[in-house]
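Chain naming follows the written order as A, B, C and D, and within any one chain the residues start at number 1.
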């Protein structure tokens, strides 16, 4: 299941397919998170976004996040697809699916995954505003990069 | 948007459609919860499930949950579809989608929705085990029904 | 006439999903008493009730034309 | 020869997504010094680095054939 579960792609993300990858006969709960392109951010209008990735490393880091989740929430399955290239308003940039036999783990592991992605997966977003363009830094904002190392324990 | 957002249906639930109903141009995050039929519960094997609902009231209560969410997490949109009838292992019994401009509200509101459904929406599940069948009571289990009223404030 | 809706094990116990009750029924509590006497519904006094699709109590008044549903502990989701 | 990968604003600043560096490069730190001297990469000393797709530090040793990627603050999700 591993290879297919962690993808970086230029094509629109088929949510159903990401969900399929985590389904099993002992699954009772599946959570998904879909990060979509928002038109307005603090009163500023986005026209479209452009995502770039260091693809092989990004896939490797997505898989690492899945491994971290499996260690913290045994019995869960995780699939993550991140899109790159040009994305229009409303399109999905990332889809995370987590399955579990019970729902609490599925919610918690899913929220953990998006936090880790924003911390340490080598993917960059360029905002194309109505009045300019910028590559966006760490979205957490409060993290004083690069002092915070994007390592997980043991890596 | 209201009418279509809260459904009880005998047909398989199209996850994509439920998601579509909550999308808007200021959406940055969509969470979904899919409750699926699990084969094994505490060592006991389920063959299939049968769900029954008091349909008009169930739809009304789903809408009430959506209203409660909007009050607690302004700016969110919620859509919930619950399936009834016979469901096989792996099939989705309920799909909840919540959109928000930011992800925390989308996760929290989604988790709130499934708790409220299990508390107060008139839908019943009959487990068809390998060795018998039973209508299942309140799944929270620890709730001493009927002392706990399934009312929300103000209702 | 009051329409009574039964679900889950209550429905199976009576063998009907709907009953029509006529007579001097003033409240949910009175209806429960009446049903307990006439149908195999021994636990009915403890079951949640909805009148016209809204949760109600034993004190809720009834009038002809009302729909009363008995709501055993729910197990959706 | 060490292959250097650039992304986001670093890539735009240099105008290349890949550089090949030859010469006496012992570590990530040495490579950063060398790049800062030869390319418009003034902030390079503070940027996270990956060697062969794993996060590394300035002390990480390099040898010919390694791929070094500079990872500006990420903004996926």
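Observations
Convention: contacts are C-beta pairs under 8 Å (C-beta built on N, C-alpha and C of every residue); 3 or more make two chains touch, one makes a residue touch a chain.
Computed from a prediction, not measured in an experiment: that's the story for all the values here.
Any chain touching chain B that also touches chain D appears here: A.
Each chain gets one centre point, the mean of its Cα atoms, and the points for chain A and chain D are 25 Å apart.
For the pair chain A and chain C, the distance between C-alpha centroids works out to 49 Å. In chain A, the positions touching at least two other chains are 35, 114.
Under the contact rule stated at the top, the pairs of chains that touch are A-B, A-D, B-C.
Listing the residues of chain A that touch chain B in their complex gives 15-16, 19, 23, 25-40, 89-90, 101, 103, 106-107, 110-111, 114. Note for the complex: chain B touches chain C at residues 35, 51-54, 56-58, 60, 82, 93-94, 114, 117-126, 135-139, 145-146, 149-151, 155. Contacts from chain C toward chain B in the complex involve residues 5, 7-9, 11-12, 46-48, 50, 53-55, 69, 71-77.
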